Amino acid sequence: MIVAALLVLLAATVALMAAPDRFRGRSAAGLGAAASALTFVLLALAWDGKASTSGEVDVAWIDVLNARFHLGLDGVSWPLALLTAFLTVLCCWWLARSGAGPAPSARFVALLLVVEGSSIGVFASLDLLLFFVFFELALIPMWFVIAYWGDPKDQAGRRRAATRFLLFTVTGSAVLLVGIVVVAIEAGSLQIADVQGTHSVLAASLIAIGLAVKVPIVPLHTWLPDAHGKAPTVGSVLLAGVFLKLGTYGLIRLDVQMLPSATAEIAPYLAAAGVVGIIWAGLVCLVQDDLKRLVAYSSIGHMGFVVLALATMTEAGVTGAVFGSVAHGLVTGLLFFLAGGLKDVHGTASLTALGRGLYERTRWFAVALLVAGLATMGLPGLAGFWGEYLSLRGAYEEGALDRSLAWTLLGVATIGIVLATAYVARFVRMLLQGEPTPIDTDRDLRARGVVVALVVPILVLGLWPTLLTDLLGSGVMGTSLLGVGR
Amino acid sequence: MSLPEAVFLILSAVAVASAVLAVGSHQLVHAALWLVVTLGAVAGCFVLMTAELLAWVQVLVYVGAVVVLVVFALMLTRSPTGSQSAEVTRNRPLAAVLGLLATVGLAATVIAGFRHERITGRLPGTAASIGDALFREWVLAFEVLSVVLLAALVAAIVISRSGSENR
Amino acid sequence: MIRRWPYVALTAVVAVAVAIWAIPELDQRAFFGYVPTNATPTMLPSLSLDTRVLPDSAKVMLLAAGVTLLVQVYSTAYMGKDRRYRSYALLIVLFLVAMIAVVATDNLFVLLIGWEVMGVCSYLLIGHWWEQPQSRAGAMKALVVTRFGDLGLLVAIVVIGQTYGTYSITGAWVGAADQGQQHGTAIGLLVLLAVVGKSAQVPLQTWLPDAMPGPTPITALIHAATMVAAGVYVFARLLPLYGNDTTVMTALAVVSGVTMLLAALFALVQHDLKRALAWSTVSQLAYMFAAIAAGAADVGISHLVSHGAYKALLFLGCGVVMHAVGTSALSAMGGLRTTLPATFWTMTIGFAALAGIIPTVGFFTKDRVLESIHVATHGETPLPGGVAWALLVVAYVTVFVTAAYAMRLWMLTFLGLPSKQHVEPPSMTWPLVALGVACLALSIGEPLDLDTAALSTLVALAGIAFAWWRQDADLPGPVQRPLAAELGLDHPITRLIPAGTIGVARVADAADREGIDVYPRGGAVLAGLVSSAVRALQTGRVQVYASVIAVGAFVVVLVGVIAR
Amino acid sequence: MPLLYPLLLSSALFGIGLYGVLARRNAVMVLVGVELMLNAVNLQLVAYDAWFAETLHTGQVLTLFVIALAAAEIGLGLAIVMAMFRATGSIDVDEADRA
Amino acid sequence: MSIPIDWATAGPAVIVATSALVALMVDAFWPRRSWFASSLPLLAGLVGGFVELGRTGSVDDVSAALTFVILAGTVLVLVGATVMSDEDSMPPGELHLLLGSAASGALVMVAARDLVTLIVAIELLALPSIALIGLRQGDRRGIASSWTFFLTSVVSTAVTLMGVALLYGSTGTLTYAGLSRELVDPAVPDAVVAVAVVLTLVGLLFKLGAVPFHAWVPDTYRGASVVIAGFLASVSKAGALGALLVLLAIGLSPVDDVWVPVIAVVATASMTLGNLAALRERDGVGMLAWSSVAQAGFLVAPATAVLTAEGLSAPLQYLAVYALANLVGFTALAVVLRTRGSTSYDTLTGLARSEPWLGVPLAFVALTLAGFPPAVIGLVTKYVVLRPVVDDGLTWLAVVMAVNVMLGLAYYLRLVVVLVSRPADEPDGITSRPAAPTGLATAAVAVGTAALVVLSVLPGLLIDHLP
């Protein structure tokens, strides 16, 4: 099933790449959406509901290195893979419907599908080298997405931002590769299940540093706001909704689950960095003028919660990390659709330039932004809350941290929630409220279905968190997820 | 100090002095001739170290062939035979430093390694003994060398022709 | 006009449903004597629709539903011409649902959800007239301050979940009963933080008066019957988890004592009717907390219900006045006794209840609060006796001040010379009448302690007399000015903390833009320099290349020799 | 005879040759420097060979090869010099390289 | 793992050298000067080399693997060289002789088991290469490059010879077996050995184009015919790397404390400086030249662990992919140069759109060299070379390599972007050049790219079958 899903994407990508120039626009987006939807269905069917790995594929690849083409989904990766397919469907839908921003072209859609496929590949990989191959696969397509279809007003800027994004993440992944090499040598295998339990602080640190760029953890985050600031709307959505997840998923899979004892030794640093990120991002958000950059920083804050959660290495924490990742994908995806949509319509995402009173001027945008803002500040009852809650719960349980540190971090992290409230209230006040100042580019949200399609799962997960947490079950820290089926 | 040693030292002095002149002379033809002196002195050293065959080869190949080639080249390229103002490049100070460093470094190395050793000259390198070694042990290298010489010949022809057809 | 009724109907349906649900529960076992039996521990978060409605919950639910219904009816007139009536009315319904969730649920997460949804609804409703700067500012302040307090509840849930292994309130009670109250201090103080924020107690009191730019019916809804009251209710509800903890109870007593007096004094010097009522709410909430601190949570809840009734009445009446006069400034009022007769009579009942004049319900419930504090001075509750005595004294002083400001407001609003004629729409007066009746009817069957009643009536009359004596004159300057400025307590929250945070945020932003990038930028510059240097060697001069080789040979020889 | 004598002579010649290669402007003279360096190597090889007095005569054989290679190199080098001269009219090293 | 001292490994070299002579003869006596007539004997010789290889060596042998790479690379160069065939002044017989003898020089370098043969083989590779570089017609830069390569080459040879002489003086032998036997003797003078070993390596590192012996690379690659530059970057490097590995693994194995740091430092300098210099490049050939300096660092870095089985095989695997990618790249650029007259980025802009059969392979080559998917094989070989380095405890070197992957991507990506960008306007001079016989070379490009693509899907085809 997983291979079929990837093949569907590959076929669609090739078809779009080879498509004649006149095959463009909506039909390309439609094909992309159809392929992604099919992928979604296939991935959904790949799950057999067991507490172990589903849909496993394991064939020889490079014998000498003991690298195998080994794919499979478990409770941690399955939701993330589904999220990826889901968001891509919405991205294509958005391209077909929004009518603003860069005109969708066949190649653009193809690149999006590459990003989707490689991300699903990362989530499904049970082989370290394969993981890494997929991890790298989408970088260059993403570069093109940002550099070619990004901010139409600032060609040099988007090129710079894209290159910055690429070089940062490549440096990180190169360090990650060294970490993988260390693990492979220590354990003599590239299969995650075989390697599990290796004790190598060096490897854990290298992997953590490498992935920290991707997550991103402060102070390795400065590529992110630039990239988001210049990326096209759907590029931002995938960047935030899918790409950052590769980092957190990697931390969960490769550090917390694969190298638990070694990760426990570096966990305090990770946790502290995560919390610093929460506060730092919250503060910076308070004075951002560009809505897309603001959302980007808010992502960093959310990722800080996820990092804190997984660094506790408790069951609650790791569950929270997965939950937080999924929720962040939905919530920030929604925010980027809206912020990007505003930018596409008005040519700018500057809060001051957009003017006040969107409640009056473009009601759909305003209400959707409000809902997204409430979700991003972690309102209980919406999906964003549970990740934060479990993160705090994990910190309270201490886990891999010692008590004084864990509780201090918990206390500091909660301040981040207030900061989030403050910056959401600020942009609501600056943008949605106030005496309306209509400008001639005003045009309301077109692709409302996309927004609804995101709000529904945000609500469902917010009110029914067990839908996801039960998937993770008690196996989230154990070996059962990876060990069974071999 | 035995006689061979004394002769060796004298030859060494001659070799070094003429080598310095060869690389330093402003008169290009003089320089070529000083090179002959150096190579001859080295050939003498070979004799003193029992390498008779090599001494002959040295004289034949170098003094006989190479230097003649060099002089021909100087003439063919119409190089000024008189004194030349800009005879050395700007690179000269660096070159001097590097030459000195090379000498000192190598000298230090060999002094560190071989200061107590003496040459006894028990096994002279005659044509017979060298030929024996050559065709018993180093046949592959010898064969390869023949290809090298052929290739170098063709290469030289090609190169010089390419220059002429460039006009 | 017609299209507004569906929302009223919707509210009515909810209210009727609540009534059908809650009324039978009124007579059940006592709130705190109850020991549940079935608790299933869960580790990971789980929402459940389990409810546990006890008599006090039922009262609070009925109050909330009733007031909301009345407010909805009232709003058809008050907000009838508003362009955004639909979102307004729907938010009120959502608000009610959230309140019911908080009151009825047995699940901590549902409680938290309701709690926060109420906060957001109040944020949106306060900011309903978002064209006005003070609406926007007040709404944002309310949201941020209450959410700061909410952190307490969030962390408290973390601690409860970890301590008792369940997110069921009943389950936690069982745990606390079986194992004793573990981490009681921590949980109690965290919940206290939450309710201090939600119920606008010192030191987080300042958001409530600033929330007054919201529509007046909303003020009645939020600041009388629901949101602020939810704080009291939740603290009482979770009391079994920390009720025996002296620290928590002392802290609560201190908070309530300081708040009740300060807020009453602030109310005394206000020149704005609505703002004065807001401070009055803060003060009255502190009474309820005082009762809980004294160990009589049921008394606190009773006062909550009675306060809900008369304060809703007062706010709605205030709304009629504002509707008529066009402002809430006391200086613009006076003489409304004749022009707004129905309002006058009903609000008189309300003011009497606020001041604690027999036979209104306010009198009875306030007396029971005083009495419970008195009981606590015997030292049989977790509250230390000394603190209880101090609290008792403060409470009596507050009775005096309360009576004084109630009298003053009443006089300034209704007495004096009548000005021009005003109208009272029937859909606005009907709810007033209903609430006025309730203020009297609820006192039926309330117990009476003669000593306390006599003393408190005496003090209240003294307050009324004081107000009569001062008439509309301000207090002496040295007292008046700092009180009118609300002692500058607002300053840190609206000025210092935001300014400080923004300042730090600007520094962080600048550092983020320019500072953190030192390593990539420096790296890029260095790379450029090295690149130029390497390429500068490529001059095309062969002897330079040969020199590089020679130098390189030296370097690597050195490396080799040194390594050896 | 002390082994050091030829070795030191070799060191001196090598350094002088290197200087010649790096400093001379005339391309033919650069080749002279190369010859000096190779001769320095030969001296060492012969000296060691004599010192070891081994039957295989490794040192002398290599010396023979080096002489042959040097001849080949010098021939090729001079061919390049001629070509360069014909192409640019000069065998000035600095000028030739800027061509 | 064993490296037999096996005369049979020299067999292919003999066959190739002989066939090169035949090619010269054929050209001399053929009635009309014919490119094909003279190239066929050499091609036959190369095929014969394969046959000989298959007959004598097993593919597990390191030398055999290197031989295979050299032979295959030479075949590609031979086919690619057809783009030069229409130039009347280009003498096909000489060209094929020089190419064949240089290739056989590389083969002997790999087969050599003593330093005397190695020295002669180095010269056999170098002298024809000098002439090949000078072959570029109608351009004075050819002869200047030739002079550059000649002079730097003879200097480095002299330095190496000095090292060999000192090594001889220290041990009394020049066979690898003898060296490894003698060097463990505590009586050998330490300091002399250290100097000798390092100086000996200089010649090989020079051929690899590793910093600080790299200065000839950019000038020479740009000055020479593009196909010849490809030869230098692949076949020549293969010979040098093979010789280096064998020498270190057998002859100098007892003194790894000397050469491990040297190799590590050289690798670091090569990668870093090569990559940094390439950042500023705006020409296809120049970029590949600088990148080959950087790649030399990646090639030699795992040689620090050459005494382990992985350390010996990892450079080979990297080399195989690197050589193939480089040859494809240079051949494609050679075709571009013939048809468009330049390989500057301005000329290359939009090539993947206008001539996808050249532009897309170039882009794929860039990604392979960068080690990026979809060119998975490049990534896998990056992984392969990291392994022994980490295993050897040189984690710092591994991190340096990792950072250099990022630096490399910065300029490889630029080429990719240039290739797929929309050209600003039609490049001049496409039609002004005479039509050149580019069909065979383009076909070679296609075949090479196809091989890279297949390897990207199934890297095991390569990785599993090299030693």
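Worth pointing out:
We just call them A, B, C, D and E in the order they show up, numbering each chain from 1.
Here is the rule we go by: a residue touches a chain if its C-beta (ideal position, glycine included) is under 8 Å from a C-beta of that chain, and two chains touch if they have at least 3 such contacts.
Just so we're clear, the structure is a prediction, and the values are computed from it rather than from any experiment.
When the partners of chain C are compared with those of chain D, the chains appearing in both lists are B, E. Note on connectivity: the fewest steps through touching chains from chain A to chain D is 2. Counting C-beta pairs in contact, the pair that comes out ahead of the other among B-E and A-C is A-C.
The most distant chain from chain A, with centres taken as the mean of CA atoms, is B. The chain closest to the protein's centre is A, with centres computed as averages of CA atoms. When chain centres are set by their Cα atoms, the one at the greatest distance from chain E is C. Centroids of chain B and chain D (each the mean of its C-alpha atoms) stand 5 Å apart.
In whole angstrom, the spacing between the mean C-alpha positions of chain B and chain C is 100. Chain centres here are Cα averages; for chain D and chain E they lie 27 Å apart.
Separation between the centroids of chain A and chain E, computed from CA atoms only, is 42 Å.
The set of chain B residues that touch two or more partner chains comprises 89, 91, 94-95, 98, 101-102, 105-106, 110, 114, 138, 141, 145, 148, 152, 155-157, 159, 162-163, 166. Residues of chain E in contact with at least two other chains: 116, 120, 123, 127, 130-131, 134, 140, 143-144, 146-148, 151, 155, 162, 166, 169, 191, 195.
Residue positions 167 of chain A each touch two or more of the other chains. Every pair of chains meeting the touch criterion is listed here: A-C, A-E, B-C, B-D, B-E, C-D, C-E, D-E. Put simply, chain D touches chain E in their complex at residues 7, 14, 17-18, 21, 27, 30, 34, 37-38, 40-41, 44-45, 47-48, 51-52, 54, 58-59, 61-62, 65-66, 69, 72-73, 76-77, 80-81, 83-84, 87-88, 96-97, 99.
The touching residues of chain A, counted against chain E in their complex, run 60-65, 67, 118, 129, 132-134, 136-137, 139-140, 143-144, 147, 163, 166-167, 170-171, 174-175, 177-178, 180-182, 184-185, 202. On the side of chain E, the complex with chain A involves touching residues 367, 372-374, 376, 379-380, 382-384, 386-387, 390-391, 395, 398-399, 401-403, 405-406, 409-410, 413, 416-417, 420, 458-460, 463-464.
Residues of chain D that touch chain C in their complex: 18, 21-23, 30, 93-94, 97-98.
Of all the residues in chain E, the ones that touch chain B in their complex are 7, 10, 13-14, 17, 21, 24, 89, 91, 94, 97-98, 101-102, 104-105, 108, 114, 116-117, 120-121, 123-124, 127-128, 130-131, 134-135, 137-138, 140, 142-143, 146, 162, 166, 169-170, 189, 191-192, 195.
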